[in-house]
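In the two complexes that follow, subunit A is the common piece, with subunit B as its partner first and subunit C second.
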Partner chain A sequence: MAEPFTAPIDNFFNPRGVAVVGASATPGSPNNQIVQFAKQMSLNGKVFPVNPRSDEIVGLKCYPDLMSIPEPVDLVVIAVGAQHSLGVARQIARRRGEKGDAGAVAVVTAGFKEMATAEGEQLQSELIATIKASGARIIGPNCQGVADTYNGVNTTFSVPPNTPKGGVSVISQSAAFATSFLRWARDQKLVGVNKFVSLGNMADLDFRDLLAYMSDDEKTKVIAMYMEGIVDARGLIDISAKVTKRKPIVVIKGGKTSLGTNVAQSHTASIAGNNDIYDGAFRQAGVIRAQSVAEFYHTARVFDKMPLPKGNRIAILTVVGGPSTICVDELVSTGEVSLAHFSDELKKEAAKYLVASANIGSPDGYIDMTASVNPKMHTDVLRLLMNDDGIDGIIFMTTPPGFIKDDELAAAIAEGYNSVPDEKKKPLLSVMLAGNAVARCRTLLEEQGLPTFEFPDDAARVMVNMVRYSAYRRRNACQ
Partner chain B sequence: MAEPFTAPIDNFFNPRGVAVVGASATPGSPNNQIVQFAKQMSLNGKVFPVNPRSDEIVGLKCYPDLMSIPEPVDLVVIAVGAQHSLGVARQIARRRGEKGDAGAVAVVTAGFKEMATAEGEQLQSELIATIKASGARIIGPNCQGVADTYNGVNTTFSVPPNTPKGGVSVISQSAAFATSFLRWARDQKLVGVNKFVSLGNMADLDFRDLLAYMSDDEKTKVIAMYMEGIVDARGLIDISAKVTKRKPIVVIKGGKTSLGTNVAQSHTASIAGNNDIYDGAFRQAGVIRAQSVAEFYHTARVFDKMPLPKGNRIAILTVVGGPSTICVDELVSTGEVSLAHFSDELKKEAAKYLVASANIGSPDGYIDMTASVNPKMHTDVLRLLMNDDGIDGIIFMTTPPGFIKDDELAAAIAEGYNSVPDEKKKPLLSVMLAGNAVARCRTLLEEQGLPTFEFPDDAARVMVNMVRYSAYRRRNACQ
Partner chain C sequence: MDCRKIITSSIAAGDAVIPELEAQQICRAYDIACPATVLAPGKAECIAAATSMGFPVVIKIFSRQIVHKSDVGGVVTGIATADELGRAYDRMLANIAKSAPGAEIGGVIVQKQMPKGVEVVVGGLRNDQFGPVVMFGMGGIYVEVFKDVSFRLAPLDKDEALRQVRETKVYKLLQGVRGDKPCDIDALCEVMVNTGKLLAEYPEIAELDFNPVFCYPDGCTVVDARLVLKSS
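Right, the complex of A and B next:
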């Protein structure tokens, strides 16, 4: 028998058809939700539930087994109990032999190596060996598989079908972590998503394979990863170093401590490895490592929404002194970012627009418009800062005064930002303190692609990350 | 002439009457808003706008000058332009001489020492000297004064009159920073506030005076401070060490870096001082120093809502592996917190309530109920953890499954928490990942006094702060 043809990873994201083996007719159950979401997302409607005890699930014809689906099936979701998974694997092998499709398999079933039993480990080995021998590739087991907002794929029961499209692709060892990110972001349009991969136990495909695939994916502008551990850390860093020459990778790593590692092991059977070694390796490879969940979420989404800064000279525009103090502290604390230098012309020009008590340039690079602001001042000063080549990025901070309406303020900020052509654009991060009181203004800005923040230090950390990555890119441009 | 009687600070928070000098009849202007808020908050209705050009402001009789107010006025708000402030100061002195009231003065006017001009500094000196010579005390200038939700006082134009009552008292050098906290918290009832003080330039009263006052204030359960700098740092630490034996102080410090210090100087003319020295001094005095705005907000509000942990043994209850890994990493990273030890009885009992695939005790102190949960499991396991004397605190994490309703989940958690009498209560922090999708469930819990979080590492940092402060209190109990 000839060596089996190894299927391309693209089968996961561009399948001609998707089979859900273990589909359930019970509304609200995870295995029913999977079919529902797959159907809602599908562009060609080629979703095939498989369950010998049902004729129809969520309005789709149900098949008794994988073999009986008459149309091409590139992606198979295994959602049966662990004890039945081997039988499905054998059907996949048979289908590949007879029809040549079924090249991508997402094993969402749990109960394998993560159980830390000899039985679980043995079952996983047999399952993976059977599928791999057929040349098909596997994501999982113990995962939620994949989603793709542009191609209309969803094998999960938790990625909302109405997730906004965008340039962020997520690769995660924790489905819960990644879907929380998407759900957190949805209402305010904070994040636009392209691809979503829940890796689970990584018995076949792991971060390396998905990174390589997404590196070539034009719609992926930034890759965001939640990682617990990987066997081939060297290989991960090598591929990461290649990817970061083209697009940013943001990572948050679980298992920094030995107790955290124990949790990760019980979760996805991962060996977290030495934290400091990962830290150094990420830095060398140009991977941006977030130290908190908030930093991870915001950095990933801002890399998608904003252009990279061309340097490290940042201007601060504010109406609030205390939050700006906190912001500047955070911004300059690593030594990678400076406040911009304001020319005399810029200061003179800014003074024309603002009240006499405004603070322009003390310290250099800093403007406090005071609470005596109107929308036009925002536009005028932002235009000035956007047009100045000595400024590489801007952080704007406000507690919007009651006398300025949300839509007026949002329009004024957007007008200032858009006063320069695209090639002159630089990152503008807007901090809107005051919680839900400014939710509408934030949403209006986010919808126009202008990222907003609740807290001044969150914005500062994101700007540091952008400056760091941009510097890495410039250093490694010609290699 | 006899030495003037120095008025008690209580005049700011329990005034028989409040005069607003410089009140404005223009709706929406700050000086109109001050009168509006003062009126809305007042319990006795004794608010007296002063402006020679108006007869009535927001429905209140307006007086031509301070002297003509026939009723007792304990608190005077100076809101005139800086150039007119000295005239008001002289009236205050006269009123104190003739009527003996006007003992508390909030100077909200700006344009003094923070301008960094000889003129601004000179004006501030004269103003303060004139008022102090009369025995009255001053908050400001360049501030928003005070608010008190229980006594019905508000001299600000930004503390919402409907701010929920509670045990957090805020002392801030930045009004914007502190009011952002209140506005951020209001909709979801995240924070209950008692007193609010915006200190501004601190020409008379500073952190030391307000700390001493709030230490004796029974309704103040925790003091939250935003600080840029203080001249008498030694005095601050001495009084703080006394206060922290009775109630927690949480601080966030602006001006960690020299550029941040420059911003602070332009803001409130503060000298920020050496960051490391503050750090060590705060630690010695038992003051909890937050490293981010989110940590500051959450720590302050949780100290108010939850009892202190009696030790450092924390249990984790979860349905989400990845976020729990991040949480445990953060929780144990400083070495001050351990995971609790589960007895065999506890594990056996927990197993009765949960599905077979649940992870109970791997690692020790950790329970993953898996996604196969129902509301009753939450109640049963929480009751078990609340009743176990080997556990000092609990962090619970979830992305609520679609099949559990918000109010059912909130009720189940509250029932588990309330299954023990008050003296056995321990902190329970609930992380509800998924943003606005769980906003209702979070609000239901917050309304019952159970704090919730968006991010797992935020909850972990708060728990570390509670354990740290509780250990400090035990070590310093008998001194």
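Right, the complex of A and C next:
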């Protein structure tokens, strides 16, 4: 027999048709939700529920088995119980043999290796071997599969179909972690998503494969990964180092246990936990590792919305003193970022726009406009900072005063930011220290692509990450 | 003797750790500087060696049977003159005859005693998931307590080694504090690069400690090199 043709990963994200095996007619169940979401997102309507006991599910014709679907099916979702999954795998193999499609399989079903039982492990290896022998590729088992906002694909029951489109692609070992990111971001339009992958047990495809795929995917501007661990960490780092020369990877990694089993004869081996090696290896490969969930969320989305800083000289523009101190502390703490130097002309010019009590340049790189502000001052000073080539990025902090309307403030900030042509743009991070009281102002800015923050230290950490990645890109551009 | 031969014969002899003299030979083959060291069969050769490398020196008993040399009076440091060396030599052999009577004595190691520099550690290990890894950090006996260390996958280049050094607190000491001259960080980075090369080229080496490495304004020296072999 000839070697089976190994299907491209693109089948997951660009399928001609999607079959959901184990689709349920019962509203309110996960397997019904999967079909609903798949139908709602689909651009061509080619969603085929499979269940021998139903004729129709969420208004779609239901098929008794995979073979009876007359149209091309590139993506198969296995959502039947674990004990029935092997039967579906055999049908996939048959379909590939006869029709040549069914190249991508998302095994949503749980009850395999993650159970840590001999049966679970055995079942998983049989399932994977059967599907792989046909040349099809597998995501999972024990996952939620994939979503693609541009191509209209969704095999999950928790990625909302109305998730805004954008340049962030998410690869996650935990579906819950990744979907909570999307839900957190949705109301204020903080993040736009391109692709979403929940990897589950990684019995076939893992981070390495998806990273390589997303590296070539034009619509992916940033890759955000939640990971716990991977056996071939060296392989992951090697691929990451290639990807980061083209686009940023932001990672948050759980599981901080050390080697444990290593019987060390040297200081080095006794001190070296995998977590510490990950730290160094990620830096070496230009991967940004976030230390907190907030840092992870914001860094990923800001990389998508803002251009990279060209250097490490950051200006602080504020109307609030205390939070700015926190921000500056965090900003300069790693030594990789410094405050910008203001020229005399810049200071003189800024003074024209602001009240006499404003603090311009103490410390250097810092402007406190005081609370006596109006929208125009924001525009004028931001224009000044945007036009100054000695400044690589700006953090703006405010508790928006009640006497300025949300839309006026948002418009003033946007006008200042957009006063320079695209090639002169630099990152502007706006901290709005008033929580939901300024939700509307934040949303207005986010809609125009200007990222906002609730807390000053989060903004500082994101700026450090951008500076760090930008330095990595510069030193790798000239090699 | 080349590195391959040293490692093969060390494995054949059942060593878990490559003996000091051979470990130093391997280091030198990788341009990793170690203090001048000579194995002297008797007292006269000892004094001749010390005189030619210059005082102060350290002497250590050389015997396969003696693992913990200092426990049996087999190490004397800070020897400043030829007379002192003669007396120390006699005392050491007398001590050993009493405390380790059965030991086969292969001679005495004479080593140049290095002036103190900024103490750092350069380490290496082979990790199941990452392969060869180079560690750098603050050296000395409290490495495990302070954990002022950073890691990189080997092999690595000099620029990457420098970034690795910068991630630690001991970097500040290397730059010179309280009027000290800055250390030769470039030479240190070269040691790290060569350590990575050594690890990548010899999978038989499971772990290694260069601790301490003394850093000076001109160069750096690996004072103690410990190369641990993979247990088969």
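Please note the rule applied: the second predicted complex is superposed on the first by the 461 of 479 C-alpha atoms of A that agree within 3 Å, B and C clash if a C-alpha of one lies under 4 Å from a C-alpha of the other, contacts with A are read in each partner's own complex, and residues count from 1 in each chain.
Keep this in mind: a contact is a pair of C-beta atoms (placed from the backbone, for glycine too) under 8 Å apart; a residue touches a chain by one contact, two chains touch by 3 or more.
For clarity, every value in this text was computed on a predicted model and none was experimentally measured.
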First, second, both or neither for A:231, with subunit B first and subunit C second: second
Superposed model, subunit A: greater residue contact from subunit B or subunit C: B
Which superposed partner A:185 touches (first subunit B, second subunit C, both, neither): first
Which superposed partner A:324 touches (first subunit B, second subunit C, both, neither): first
First, second, both or neither for A:14, with subunit B first and subunit C second: neither
First (subunit B), second (subunit C), both or neither touched by A:284: second
Subunit B versus subunit C as contact partner of A:475, first or second or both or neither: second
First (subunit B), second (subunit C), both or neither touched by A:366: first
On subunit A, positions contacted by subunit B and by subunit C: 259, 264, 266-268
Contact set on subunit A toward subunit C in their complex: 230-234, 237, 259, 264-272, 274, 276-277, 279-281, 283-284, 475
Interfacial residue positions of subunit C with respect to subunit A in the complex: 16-17, 121, 123-125, 127, 129-131, 133, 135, 143-144, 147, 149-153, 156, 159-160, 163-164, 167, 206-209, 211, 226, 228
Subunit B residues touching subunit A - in the complex, by the definition given at the top: 28, 30, 33, 110-111, 115-116, 158, 172-180, 183-188, 226, 228, 252, 254-257, 259-260, 262-264, 266-268, 292-294, 316, 319-326, 328-329, 332-333, 339, 357, 359, 362-363, 366, 368, 371, 399, 402-403, 433-437, 454-458
